[in-house]
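By letter and in written order, the chains are A, B and C; residue numbering begins at 1 in each of them.
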Amino acid sequence: MAQSDSKLAGVERAGASGNGRSFWGRLLTSDLYQAVSAVLFKTQRRRFWLLASFPLFWVVFAHLGPILRMFWISFLDSYPPTAGTVPQLTLANWGKFFEDAIFVMPYFRTLGFAFVLTLSTLILTYPVAYFLAKHVRRNRQMLFLLILLIPFWVGEIVRTYAIMILLGNNGAVNLILKFLGLIDRPIPFMYTSFSLGIGIIYLTSLYMLLPLYSALEKIPNTYLEAAADLGAGSWTRFWRVTLPLSKEGIASGCTLVFLISTGYYATPVLLGGPSTTVFAETIAGFFHVAGDQWPVGAAFASIMLITTLTAAAIFLKIMGRSGKGMME
Amino acid sequence: MSKITTNRRRFIKGAAAGAAVLAAPAVWRSSARASDVVNVWTYANFIPDDFKAEFEKETGIEVRIRLVDDQGKQFNLLAAEAPNPTADVVTVAGHRFLQFIDSELLAPMDTGRLKNWGTINPVYSESDWATINGNKWGAPILSGAEIMAYNSEEVTPEEARSWDIMFDDKYAGRTAYIIQDMMSVMILAKGYDGNMIEYMDNPAQAAAIVEEVRDFLISHKDKVRKFYDSGAEIQQMFINQDVVLAHAWNGPISKLIMDGFPVRMTIPKEGSYGFVYTLNVANNGPNSDNAYKLLDALLASSQVGAEMTKASGFISTFKGADAHLSELEKKAASFTEEELEGLRFFRAEANKMKYELLDPAVEQIKAA
Amino acid sequence: MTRHTRILMSVIYWAFIVYLFVPLVLMVMMGFKDSKFIGFPIRGWTLEWYTGIFQDAEILGVFGYSMAIAIASTVLSLSIGTWVACFLGPHKFRGKLIVFALTCLPAVVPGIISAISLRIFARGLEIEPGMLAIILGHTVHNVPFVALVVMARLSTLPPSHIEAARDLGADAIVAFFRVTLPYLVPALVGAGVFCMLLSFDDFVRSFFLGSYEPTLPVLIFAMLRSGMSPEINAISAVVLVLTAILGLWAERSMRRLNKGS
């Protein structure tokens, strides 16, 4: 708070006095700037479109463009086109998904998997983010956060192999347990839901941690103290104050993790067992195995895309509504 | 405030400058179309560094190598660049020729322009899979095989004589295989044609065979620890002792042997399939003339062949490459006569039908 | 907060740290193994893998190339993402949900698909594969993350701040640079670190959009073909240490910044 106030003071200097001391003051009072500004910001509507122009251009051109292209390919009967033939339009690629349970299964597995993963990441990282935001001295928070970020500078693949030599039959954990005399024969940790969970939460926790931290960090301590003064126990304070106020962070963290975890490919492939195919693997298969399967892969990717986006939109909508309820 | 801003700016500037200095050589390198360049897409270490340096010194042609790690990705990339690829030479596994040729990504190879063509063992260069549509399409450099690998401290050579041991209770939960490849091998082991060329006129029979193998693998799914994809994975599984018995390619396993790990490989009595990595001239590449110069220089020496074997673990197709290998390396990269008799090559003629049957079967095995 | 929960919290925090760091310790250790493969048992030790990196101009060049791409794409993503967030966050208009969904789109497209579609798209725009194409590809992928994080922070900016600034005569642009932007700094730092990570770690886009110069993950993938070697671990460990130093340096200058104001 104090920080923003000092910023306001800066504006005051710049705007009100405008005696040419600061860059912003000079800028604001210069004739040219005022002329330009008068034209640009004359009406509310004009301001809105000025602000909107570039974001709209960017999302349509750079975000939607490539995807539309993919969408288009999903309706072609062959791609990349063989020389001399003109690709025909077809719905068969989309139909393929619905005609066989073997594709629907990994699809639902992936959605369920992403859901469980999101929830467990939230439960695991919430205390960490809370500790960081509320119990670490403010000027040390950045350092503690950086310590948490360091492991993510190591590539996904190298990290995953490190997890393999940690959990393998002849891995570090089994060797230690054997050395301590706790086990005779190694425990097969690898290629199970356990090893998969260990590897994946490593990937997702960061996406949860940052939004959670930034939401928790700005809950004023005075709120909690006030609640305590009113006799609220620590659980009550958590349920009635902290949790509702960190809702924004939970919502964006969960959305991020959910969306991203549906697309995970390398880690499930490396750490999962024989029955844990995820949908991204199915999709990638269409691009890796044979060239003329691109359209099917594109169709499946579109299906995944539409589902996850719908799910995220519904989730955010619910969060928004219940949030209003909590605030009142 | 201003002091801190400069601090931050200086920090960002410093970091950017450092990166720029390090990156400069990469950015300023000559473009693909320059005439004194040859553009090669290949696996790491397939083209030995020493050879590359010498070739560049002698001819003045710069060899630009783009590293690929997967046939499928290479195909996708080349397809995305067609019809004006930035590649002159690409590395294709022989049984995937058809896919590249059908999409017009490769140029037929004019072996008359390679005076060292004779270096290649005719077993590979004149083999039936090497000629498609009446043309040769690539220069074979390394040969691989679908083999059975076993930890020699746990599994005896006698046990490892048949693919059946992979599905035996004794090693339940300690085996691994690549599903797609294993299906071809199992089709062969059950006495059918794993290339499916015999059944091109009889799709019903082909479907029945795939179904039989699929059901067999599903009913024995409890024996397998992991369906894997890459050579590095199977190496790590052996080292971590997560598996003791596996289907694998010979290259990654022979690298393990060369490193002294107690693993051996064999081609079981039912036989197996082999494949060959070839260097190919890309269709409409920017510098095809230089591509031929590079290939000819590469084929000039059996020493280069031996280097390729050491780097990849696969067997060199060059005559006399053996002479440059140590005893351990020779042992790691060879099979007995008896084993080789059971080895036949993958062929691509029936691939469309085969993979239309195999791909869903693979999904069903995973889902079972 | 009672003492018990406080202790419990710190135990969870440190347990989490241990979980994150154990694989890294193993990785650094394996870089010293005298063998071509990582894993136990370790029969001999060597410094060769680590010293080799600093004598290998190619690896250093690849590192710099990846870093340059990461910095450029981060700066671009931050600028574009902030603009998108400032547009989307405070304004209500018809079709907002659609624009929001479009903003998130690149984050949810599976990597391989986004890579191939970007590759085809770049060709349509006649952008040669190479550094520029990778930077653009990473920017497209990172903008949603920046936008989401910045929007979350923006939603907590008390409107009174902006109003006060406007009352004092600042117009929209000045108010943005003097009030909004400073308020966003923590979110921007977080998002920036995030973008660097995503860019530095990205394989599939770099592979498809790149040309003959590999980025670090592309090089590592290619090396992986002949096995997960101690050399790869050593490279990753060195990258880790260098980036950690970079991060700590950034933190110190941030801390000085906070003290100064």
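Here is the rule we go by: a residue touches a chain if its C-beta (ideal position, glycine included) is under 8 Å from a C-beta of that chain, and two chains touch if they have at least 3 such contacts.
Note that this is a predicted model, so its numbers are computed, not measured.
Across the assembly, the chain pair joined by the most C-beta contact pairs is A-C. In terms of the distance between Cα centroids, subunit A is separated most widely from B. Rounded to whole angstrom, the centroid-to-centroid distance between subunit A and subunit C, based on C-alpha atoms, equals 12 Å. In terms of their C-alpha centroids, the spacing between subunit B and subunit C amounts to 33 Å.
The mean-CA centres of subunit A and subunit B are about 36 angstrom from one another, to the nearest whole unit. The set of subunit B residues touching two or more other chains comprises 73, 76, 80, 232, 236, 239-240. Counting partner chains per residue, subunit C shows two or more touched chains at residues 38-40, 116, 120, 221, 224, 228, 261.
With touch defined as above, residues shared between interfaces to two or more other chains in subunit A number as follows: 161, 165, 168, 170-171, 287, 294. Across the interface of their complex, subunit C is touched by residues 1, 3-4, 7-8, 11-12, 15-16, 18-27, 29, 32, 39, 43-45, 64-69, 73, 76-77, 80-81, 86, 230-232, 235-236, 239-240, 252, 255-256, 258-259, 261, 311-313 of subunit B.
Contacts from subunit A toward subunit C in the complex involve residues 3-4, 6-8, 10-12, 14-16, 18, 24, 27-28, 37, 41, 47-48, 51-52, 54-56, 58-60, 62-67, 69-70, 124-125, 127-128, 130-132, 134-135, 139, 142-143, 145-159, 161-163, 165-166, 168, 170-172, 175, 198, 202, 205-206, 210-211, 213-215, 217-218, 224, 234, 248-249, 252, 255-256, 259-260, 262-263, 265, 280, 283-284, 287, 294, 297-298, 301, 304-305, 308-309, 312-313. Within the complex formed with subunit A, the subunit C residues making contact are 1-2, 5-6, 8-10, 12-13, 16-17, 19-24, 26-27, 30, 38-41, 80, 83-84, 86-88, 91, 93, 97, 99, 101-114, 116-118, 120-121, 124, 136, 139-140, 143-145, 148-149, 151-153, 155-156, 161, 164-165, 168-175, 177-179, 182-183, 186-187, 190, 193-194, 197, 200-201, 203, 216-217, 220-221, 224, 228, 232-233, 236, 239-240, 243-244, 247-248, 251, 254-255, 258-259, 261. Across the complex, subunit B is touched by residues 80, 82-83, 100-103, 105-106, 161, 164-165, 168-171, 186, 188, 190-191, 269-270, 273-275, 277, 282, 285, 287-291, 294 of subunit A.
Those residues of subunit B that touch subunit A in the complex are listed here as 70, 72-73, 75-76, 79-80, 82-83, 99, 102-104, 173, 180, 221, 224-227, 229, 232-233, 236-237, 239-242, 351, 355, 359-360, 363-364, 366-368.
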